[in-house]
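Shared chain: chain A. Partners: chain B in the first complex, chain C in the second.
Right after this comes the complex of A and B.
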C-alpha cells in the first residue's frame, strides 16, 4: 500500500517557553526541533503498515527549509520518500497550509498513483489548530477520522479505532482515506545509526506550495504567567503522619 | 521559599562534583558555617557533572594532572563508587603506537599498571570489536567508571551531618558583592541570591561552565569557555544486554578518531572530541526552566556527529543497528591551556575559583583547593599548572580563550609533543629586538605571549666550525620542535660571545621605607645587601616548599627590583601582592609599594669569554668615560647604571648559562639602539644571536641550574634542591620554621645531574629524552620512590655540547644520589643506562664557576 504521512517541524522546548521580542515566534536560539508527538506516532504507523503490507511510505511537510531535518528523521526510521513544501514565513495559517498540501497530494498522485492512506497527527504541538487534516480530507473528498489509536488494514477497508468515554469506537473506512493519529497508538522507534546515515542520502523532493491566505491570523504570542508552586514540608518520618492526615481531611479526601 | 542565613564563613556556589567535594573536604579540615548554593535542583543541578560519561583513564603525561587523577580515583574507591572495568586505547595509525610507548613510560613513572596489547588481545577482551582496522592498544586494567553524583551527594551530606554546612538548591546568585580595601585588592563581602543576601568571608566559584559569569559579578576573571562535547547513548545491543552488567567490557578509546565507546548496561555511550570546536558564552546557556533537558545537555547537531557514527560502526558493526536513544551537545569547560583554573582570583581577595575541572580529577582538586584555602597553599601537590594567577591580561580575553580553545579542542585525544607550539594568538608580545631576530632567521617559541627566538637559522653558518654539533636526530619525535643549530649556538657562545633576548622577564619594583623588611619576610635569603648588589633567593610556602625562585637587585637603599621569568610572572605578581597587603596592614600603608614595570623594560643577555671585550667598547659612565667592566671593578652579582652607546642601561653581572657576562636592561624604546650597538661591537668577536634552546636547556643543564616548575615545586624544599645556603638569616620569613626543620633532616631526595651512558635504542639509533617526566629506574627496572612518596623522574633533559654528554636532571633518594651510581632511564618504553654525574648543585661544566667569576 501507499501511505503518505504529513508532519510539522516544531520546537522542543523546556518547561519555560521564551518568546522573541517581537512576539511573533518562540525563541528557539538554543532549542532543538522535533516532529509533533502525534505525528511521530503517525510516522511510526506508516513505517509499520509498509513493513506489514508492503508498498511505500512518503513523508511530507510544509515548513522552512530547515524542516528537511524532520523529513530525514522520518527517513531515518524507515520512511521511503520525502517531500518538502518550503515556506519562508514563520507559519502558514491552517486553511492555506491545507490548500497547499491538498494541491501537492494531487500532484504527487497524478505522477505516482494514489495514496491509499494519508496520515496526520491529531494536532500540531505548537499551534494546535486541529484543522489541517480535516481540511485536506475535505479538499480531496476523502473520509477522515481523528483521534485514531489503532489501524488495521482489511483489503480496501481500514478499520480505525479511537477511544471515547464510553469505550472504543471502531470505524470501517474505505480507502483512499485520511486518519488523524493520536499519541499512544504505538511506541515510535528511535533511529539507528545506520538509519541516520542512510537518511542523509534520501532525495528530498521540493514542491512549491500553492495556497491563498486564510482567515486566521496570529496577532502576537504572549508569555503565560509563571505558575509558582509552593512546597510545604509536612515533616519527616512517622512524626509527619498527623499533619498528613490533617491535610487529607482538609482536602476532603478522608471520610 | 526558605531564607538563606545572613552570614557564613564561606559560600560555595555550584553543587557539581567540585562544589560538593569541596564542602566535604573543607568540613574535614575544620571549616564551619558554610553555605552551598546551586541554581538547579539536587542531586543533579544541570551542570556538566550531570551528563558526564564519568570514566577515568588514569594515565597523563602531566605530573600534576596524573597525581590529581589517581588521587581522585582513590577517593571514589573510598566511597565505594568506583566501578573498575579496564580500558583500552586503540590505535588505527602507526604514530599512535609511538604515543602508546610514551604512555607506557608515563604509566611507569606514576606507578599505573598498563600494558601494550595486540589487536588479537583486544578482540579477546572486546569480542565485538573490529580488530582488523587496529594496529594495537594500550590497556589499563584500573580504568573505571565512577558515580560522580553520588560521590558529590555523600561529600555534601558529610558536611551537613557534621553541622558545618547548609545547602540551598534552586537558588540563583544575583550578585557577588565586594568592598574596596585601602592599599589592596577589593575584598568579597557577600553573595546576593533570590532567597536573600549572605555575608561571607570567602566565596568559591565552582560553577563549571557558568564560572566566568559569576566571577564577572565581582569584577574577576575566570578564563574558560563552555564548549560542546558530543555524546550519544545507543542501544539496546544484545551482547551488552546479555552481559547483565553495567560494565562487562573495557571502555574503548578510539584514539585516532577522537572517540570513545563506553558500555552503559544494555547500551553504548559513544562520545566524540572529533567534531568542529563549538564554543558558547556562559550567558547564552539556557536556564534550567527553558532547557529541554538540562542547561548543559543541548540538542545534538547531527551533521557534526555523522562522521563519528560511521567511524564507530567501522569499529563496532553492531552499533549500526542500535537506536539513538539519547544524544546531546553536552557542555564542558575549556581553558586556553586545557588546565583547570584554581585558586584565589587575582582581582578580588577571598574570591576563589575551582573551575574547569573534569570528573576524573574532581575530588582530588576539591581537596587541593580546600587545602589551599586552609593552609595558604596546597599540601598534596604543587598546583603550578592550574593556578589561576598564571594568566596574563591578554590571556583572559574572550579573544584569546576562544582562539586557543578552538586550537586545542581536537587535541583532546591528540598526540601533543612536550615542546609543541601554539599556532593561534602568536605575535601578541614582541620585544624591540624582534625585527633583528626575524632578519637573523629566528624560529620563535611562545612564552606566555612573548615571541622568543628558540634558535637562529643564521647560525647554520657554524656548521663548518662545529660539524659534530649538527648531528641530526634520527627519530622524528626527538627532532620535533628542535634544531641542531642550538648546539652550535651553545659552543660559539662558550668560545666567544652571544646575545640572548630576555625581554620576556618580569621586573617588579619594591620601594618605600620598609621595602627591605618586606622582602626579608618573603624571601629565604638575606636581601639586606649593599646597594648595587643582588640576591638569588627561593620564596617558600609556609610548608617550606618552593613558591618561587628569583633574583633581586638592590637599586637603592629603599628600592629593590625583582627579576622573574615569563612563565611564573603572573603567579609571582599575585604572591607579592598578597604578601604585601598583609605586610602593609601590619606596618602601615606605604611601608612598601609594588610596581610591575615589566612592560617598561627590555633585556638582552650578553655572555661568553668575549662578552667583557664586546661591552667594553660601548659602555661608559655618565661622563662618557669608559666603564670598568673588570671582575674587580664590576664583580659577579653587581648591578650598575651605565650608558651604552648613549642609552641609559642597567647592567647586571649574572649568568644562567655559566659564562661571564651581563643581563642588560633598558627602556623598551631604547631596545633596538642597544641591540644594534652590541651587535656592531661584537662583530670582531663573531658575536651570534643565541636562542632560548641554549639559555633554558643546554647552557642551563650543563650548569645544573634549577627552573621553577621543573626542578622547583612546592613538593620539594631548598635542601633537597641543593639551594640551601650555609647560614640562615636571623630575620623571620615565610616558611622559615619548615625550612629550619628541613635543614636538620636528612633530605628524602637530592637533585642530581645524570648523564646517559648510551642513547642507542633497540632499533639501532640514538634517542633523546624530551624531559617529560621519564622515570629513573634501578638496574632491576624498578621505580624509585623516596621516603615522602615522590617518584624519581626527569625534570629537564638536554644535550650538554660542552661536556659531550646527554644530561638529565632528577631528584634521587640519598641511597641513589651518589656520584657514579648506575641507574636507568625509561624513554618511549625502552630503558637506557645512566650515571649519576653530580649529586647536589655543583655544575657539571666549570664546577668552580671560574668562567663567570674570574
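Right after this comes the complex of A and C.
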C-alpha cells in the first residue's frame, strides 16, 4: 500500500502566541515548532498502515525551508520518503496551497505510481481553514471524508470511523481515496535513537510549488481580547466545599 | 439578492448550531433563505421560519437521506448555481466546515471558515478565528458568491419572524457520490455527552493517574455531569481521547466547568471558554485556569473533591 501524508509546520500549541509588529505573522523568536497535532497522528497512521500491509509511506509539506525539521521527524518514526514544497512568503492561502499540493501529487504519482491513500489532518492548528484536504481530493477526483478516528483496510475499501453527536459513523470508501484524520486515532510513538539517526540521512526531495492566489487574503493577525475575569475565591482546601456546593445549587445543578 | 443558510441536521434532528448560522446570516443580508437536504428535514421548516427564514428550499434525493460530505457538498453547489445567492453561510461545526469546503471546491470559489464578524461590501472584510480562538485574523474575501461559516458559539441563536415559504429544489447527484455516504452507524447509548452535559468535571495533569479520576467520576455521576480531561491526560494514556476538552478535542459549553488540576494552556482553554461558568480547583493560585475562571478554590483536588462529594451527599440526603 502506498500512503502519502501531508503535514504542516506550526508553532507548538500551548504557548502564548505573540504577533510580529507588522501583524503579518506569528513572532517566532521564542517559539518551538511542531507538526500540527492532527497531522502528527496522520503520520503515525501512515507508518502503522505500511507496517500492517507493506508498501511505502511518503510525507509532504508546503512551508518554509525549516519545515525540513517536521519531514525528518516523520522519517524518524518510520516514514520512508519526504517531499518539501518550499515557500518563502508567509502562509499561502488555502486555494493556492491546495492547487500546489494537488500538482505535486500528480507529479509524484506519474513518477512512482499512484497513492492508495492520501492523509491530511482534519485542520491545521494555526490557520484552521478546514479545506486544503477537501480541495486536493476534489482536484484529484478522489473521495474524501474528514474527522476520521479509525482506519481499517479491507481489500480495495477503507472502513473509516468518525465520531458524531449521535454516535459513531462508519464510511466505506473505495481506494484511491483521501482522509482527514483527527487526533485520537492513535497515540503517536516517540522516535527511537536509531530512527533519529536514520532520519538525518533521508533525502528530502524539493519540488517548486505552483498555484495561483485564491480569493481569501490575510490582512493582519490580531490578538484575541484577553478574557479578564475577576475570579471569585471560594476558599482554600476542603473547607471550601460548602461554598462550592452553594454555587452548584445556585446554578441549578444540585438536583 | 439573498443569503443561503445550509441547515445541518441528522436524520431530521436539527443541529442547534444551524440556528446560530440563521441568526448570524441576518448580519450579511436581510433576505435569509434556508436550505435543507434530505426529506427527513422537511419537518424543520417551521423552526427555520421562526428563526428568520423567508424561504426554505427543500432538496430530496436518496443520497441525502444520511450524511455524506460529497453528496451534501454537491447538492449545496447545485443549489448555489440554481438560486444565485450573494452568500452561503453555515455554522463552523465539523460537518458545516466540511460541507462548505466541498461546495467551495466544486464551485471553485474561496471559502472562509470560522468567522466572528463580517463587514459586507464588494469585497468582504472578515475577522476569523485562528488557533481555535486564541488568535484572530483579519482577512478579505473576494468572490462572486461568498462562502463562509460562522465560528460555533460566536453568536447566540435568536428568533425572528420569517415567511418560511417552502420551495422544492431539484438536484442531480451522480451515484458515485454514494461512496462517502455513512455506511453504518453505531448509536451512542442514551445519556449526556461531553458536548451537551450541563456540568463537566475536568481533570488535568494534577490528577496524577488514571485511577485518581475515580472521585471526579463520582462527583460527575452525582450531579448528572460527565468527566473531561486535558491533552496532557490523554498523552499520558490516563483517559481516552474522546474525553479530551480542547482545540483538538471537544469544545464544551456546559453551565459549569469544574477544571481540576488543569493549568489552562491555550489549547485547553479554547475548548473550555464557551462554558457559562468556570470553577478552577488548583494548588497554584497563579495558574492560567485560575486567573481566567469565574470561581476558584485554591487547594489539592485530591482533598477538595472528596469534601465536595461529601457535602453534595449531605445536602441531597437532607
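By our rule, the second predicted complex is superposed on the first by the 237 of 255 C-alpha atoms of A that agree within 3 Å, B and C clash if a C-alpha of one lies under 4 Å from a C-alpha of the other, contacts with A are read in each partner's own complex, and residues count from 1 in each chain.
Following the convention adopted for this analysis, a contact is a pair of C-beta atoms (placed from the backbone, for glycine too) under 8 Å apart; a residue touches a chain by one contact, two chains touch by 3 or more.
These figures come from a predicted structure and were not determined experimentally.
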| item | value |
| --- | --- |
| Partner chain(s) touched by A:196 [first = chain B, second = chain C, both, neither] | first |
| Chain B versus chain C as contact partner of A:111, first or second or both or neither | neither |
| Touched partner set for A:184, first chain B, second chain C, both or neither | second |
| Which superposed partner A:21 touches (first chain B, second chain C, both, neither) | neither |
| Comparing the two partners chain B and chain C, which touches a greater set of residues in chain A | C |
| First (chain B), second (chain C), both or neither touched by A:174 | second |
| Partner chain in contact with A:218 - chain B first, chain C second, else both or neither | second |
| Which of chain B and chain C A:145 touches, first, second, both or neither | second |
| Which superposed partner A:30 touches (first chain B, second chain C, both, neither) | first |
| Chain B/chain C common contact set on chain A | 13-17 |
| Chain B-touching residues of chain A, taken from the complex the two chains share | 12-18, 29-32, 69, 189-194, 196-197, 200 |
| Contact set on chain C toward chain A in their complex | 10, 13, 15, 67, 69-70, 73, 92, 94-95, 97-98, 100-102, 104-106, 109-114, 125, 127, 129-143, 149, 179-188, 193, 195-196, 198-199, 223-225, 231, 234-235, 237, 240-242, 244, 247-249, 255-256, 265-267, 273, 277, 279-280, 290-300, 303-304, 306-308, 310-312, 315-316 |
| Touch list for chain B against partner chain A, complex | 234, 284-293, 298-300, 302, 306, 309-310, 312-313, 319-325 |
| Chain A residues touching chain C - in the complex, by the definition given at the top | 13-17, 19, 26, 37-38, 93-95, 98, 122-123, 125-131, 134-135, 137-139, 143-147, 149, 159, 163-174, 180, 182-184, 187, 214-224, 227, 229, 231-245, 247-249, 251-255 |
